[in-house]
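Heads up, the next two complexes both have chain A, just with different partners, chain B and then chain C.
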Partner chain A sequence: MAKIHIPTPLRQYAGKQPVVDVSGKTVGEALSDLVARHSELRRHLYTEDGKLRSFVNVYLNDEDVRYMEKEATPITENDNISIVPSIAGGRSPIIMRSHSRMSPSGACCCC
Partner chain B sequence: MLRIDRKNYNALRQHGEETYPHECCGVLLGRMDGEDRIVTSIARAGNTRTDSPQNRYNIDPKDLIRIQREGRARGEDILGFYHSHPDHPAHWSKTDLAEAHWFSCSYVITSVENGNARLTNSFVLRGNDEPDKSFEAEEIVVPKSESVDGVGIRLATRDDFAALMPVVNAAYEVETFIIGPRVNAEAVEEMARKGDFLVAEDANGRVVASVYVETRTEPAYFGVLAVDPAWQRKNLGRRMIEAAEDYARSKNRKTMKLTVVNLRTELPPFYRKFGYAETGTEEFRNPRPIKDGAQLHLIVMSKAL
Partner chain C sequence: MAIATETSPASLTNDEILRYSRHLIMPEVGMEGQQKLKAAKVLCIGTGGLGSPLALYLAAAGVGTLGLVDFDVVDYTNLQRQIIHSTADVGRKKLDSAAEKLSAINPFVEIKKFDTRLSSENALEIFADFDIIADGTDNFPTRYLVNDACVLTGKPNVYGSIFRFEGQASVFATEEGPCYRCLYPEPPPPGLVPSCAEGGVLGILPGLVGVMQATEVVKLILGIGDPLIGRLLLIDALGMKFRELKLRKNPECPACGAHPTITKLIDYNEFCGIRGEEEKPLTAGIPEIQVEELKRRLDAGDDLFVLDVREPHEYQICNIGGHLIPLNDLPKRVSELDSSREIVAHCKMGGRSAKAVAFLQQAGFKKIHNLSGGILAWADRIDRTMPKY
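Up next, the complex of A and B:
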């Protein structure tokens, strides 16, 4: 069976295990198996409309599945899937400027 | 509480100095001890935000997987992450909170002003889910003077003066350009009026190192660093310097100054390793007689605490 490595913050929802054996032929099936066995994990991994949360990165061995076939990426018995929440930050708040606002004379007001 | 040894604490602060004016980032590894996080190693990571590295950081998950795997082989877990804020307070920002997803992990932030690491603070990500997450300030404990070889460092009392004098004089015998012992009872008394001595004692209570520190005004000053020749090359000098710096910080001093005699050419490189830079010179004003022909002056070195 393939293995899914659970990051520290989510282990409490996976029976405190760091690794869970799962069955499935694709990454998507493996993740479904995981949340079937540990239902508390579902809301931490998926949004309400069933999509993987944007800050949840899924790696098949050492490759990000976003650059492969995402959840359709096929897996084999010896594969290691890792769930890695993003680690990011920075020292100032995100400032969103709307470039669609134009002053009457047509010049962009934020530059 | 986050416990981290001095070597790793200094290393994560120094990382921020090296990447200044960009943010640095890295991983804290170790183990949990009840509610406390014990850091046993740190791993530097690359900042993938090459588009905005002066105010953003991102650790490549691929780096993290490798770091995690290597940590696991040493029996270590990921306890948290560290990054720096160039010219900005050591406090989490809205971006830091928005981008934090490792619940129960520590996020350590160091402010780096003009290339010098200033404060380091830690925050634990609390909550169970995105809507209710928050950062809670966490105490960082860096053990003072780890008892390696059973040596402990403490503030000296008057009873220690007689014991520290021979240690100082033996260590300064190498200054053959000055005639006579480095200190006598009168010199020690005069120094004790303006500052304090810290001493290191071995498991038998014997004084094996000492350093003099002035902390009452800015800048703080340390001098007369001496390690018993039998105890040299064991990093005791480093520990005395760190103890002097910690003591000065505890008195709210922001800068530490030291002076070395120009003829001790091996000393400026030694102190540079501790982050000191040459900032000027001073006249050598000392009552002790100088060997004929010796031209002495003092080199001043400083460091932000």
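Up next, the complex of A and C:
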């Protein structure tokens, strides 16, 4: 089975695992398998209309899938898929809109 | 590839030659390399976690001019990782604290201080006098600002970023290489990626990544080695593993592509969906209770249920005996709460508990209040012996 490397900010939604084994013949299928196994990951990786979020990059081994066939890129058993979100560390931003549901990270912006 | 500097290589005094002897005896550096370092002008944005080791090593290496941009003041919680600042500096401007330490390490370095928040109004002007920009900032709007300003001024952006136990490093905005926007065309919505203050950070991590940035700066100046152009280095400090991903220049990049649409700096806070720091998160409609009132009612023996929505490791630091249900677990553990009782929810500062109250209100709880200011307010005003974190 191919492996998906889960970045630290998202591990809490993947049962705290850094790597998840997934099945699928393409990158898209592998990601679908991932969110099927860990449903809380879905809203972090996908928008409401099912598109991969733009600040989340997906790599097959060391290549950005945007420059391959994106989610249609075929994969083999030994492949490593990496999810690479942007990180900035440091200061917490003050949000523009109030969230009526809880922030997905579970942590508030002022604490 | 060496970064061309506008002035001719500066000559070295006998003292400098002795100081840098360990550089000079290496053919990869030599007199010529050290002179390039002396002639180089590097701007360090931020003198915090990443900026500390970055600036310290660049000063030690003999970079001739170091610009420092920081408007912040040294805080006690910075000392766990911002090693350019010491305990005696708490309360001082970071700029002054940093400049002092850098001059002490190497008086031959000219330090230029910029006591300002980097903004669209000043970035281009500040960048103009420098050859290389090292980005040690801590928020997304500034990342995009620095990137765009680097692309517009044609200066390389030596990038490093960290989160908890992981880091990233690369060199953006060179002519042939990608820029930050090639990798991340859009920022994440606020609240989706936790900050250091929320998530914590292993103190040594910015040390590791900051020195990587310093290494890349030196390589660019000297024109040696393989810089991280077109390469994203992923650092996993816990596993001590380093992985590398290929970064490509996006031909359609709005900043550095063939037909750029970004021709001037924009409002980056707006771009990232963030309002200015003066605004507080909206808490309209959330009933609040002050710590004094809570104390009074608990002492009077009122039947109050105190709900603590922090994480277990925070509870261990300090608590007021509340029933712990971390915010994330609240939806599935709401059955532990009795809606007929009066509930006071608290967290560290009042933000998470406000969300808990909003959630519980929607779930039909009517007798619920948010403890304004959280347990920090309790430690400030009710129990001075309680540790703060």
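Simple rule for what comes next: the second predicted complex is superposed on the first by the 86 of 111 C-alpha atoms of A that agree within 3 Å, B and C clash if a C-alpha of one lies under 4 Å from a C-alpha of the other, contacts with A are read in each partner's own complex, and residues count from 1 in each chain.
One rule holds in what follows: contacts are C-beta pairs under 8 Å (C-beta built on N, C-alpha and C of every residue); 3 or more make two chains touch, one makes a residue touch a chain.
Source: prediction; values computed, not measured.
Student: Looking at the overlay, does A:67 come into contact with chain B only (first), chain C only (second), both, or neither?
Tutor: It touches chain C, and chain B stays clear.
Student: Have a look and say if chain B or chain C is in touch with more residues of chain A.
Tutor: Partner with more touched residues of chain A: C.
Student: After superposition on the shared chain, which partner residues are touched by A:44: those of chain B (first), chain C (second), both, or neither?
Tutor: A:44 sits against chain B and chain C alike.
Student: Check the residue A:82 against both partner chains and state whether it touches chain B (first), chain C (second), both, or neither.
Tutor: Touch status of A:82: both partners.
Student: Go through chain A and flag every residue that touches chain B in one model and chain C in the other.
Tutor: Chain A residues touching both partners: 7-9, 44, 55, 57, 59, 62, 64, 82, 84-94.
Student: Going by the contact rule set out above, which residues of chain A touch chain B in the complex?
Tutor: Per the touch definition, chain A meets chain B at residues 5, 7-9, 43-44, 55-57, 59, 62, 64, 82, 84-94.
Student: Quick one: which bits of chain B touch chain A in the complex? Just the residue numbers, please.
Tutor: Within the complex, chain B contacts chain A at residues 23, 25, 27, 49, 52, 55-59, 61-62, 64-66, 68, 77-79, 81, 83, 85-86, 88, 92-96, 98-105, 107, 125, 129.
Student: Okay, in this complex, where on chain C does chain A touch?
Tutor: Against chain A, the touching part of chain C is residues 48-50, 137-141, 143, 161-166, 168, 183-188, 190-199, 201, 206, 232, 234, 239, 243-248, 272-277, 279-284, 326-328, 330, 347-352, 354-356, 358-359, 362, 374.
Student: Applying the document's contact rule, which stretches of chain A touch chain C when the two form their complex?
Tutor: 7-9, 12, 18, 44, 53-55, 57, 59, 62-64, 67, 82, 84-111
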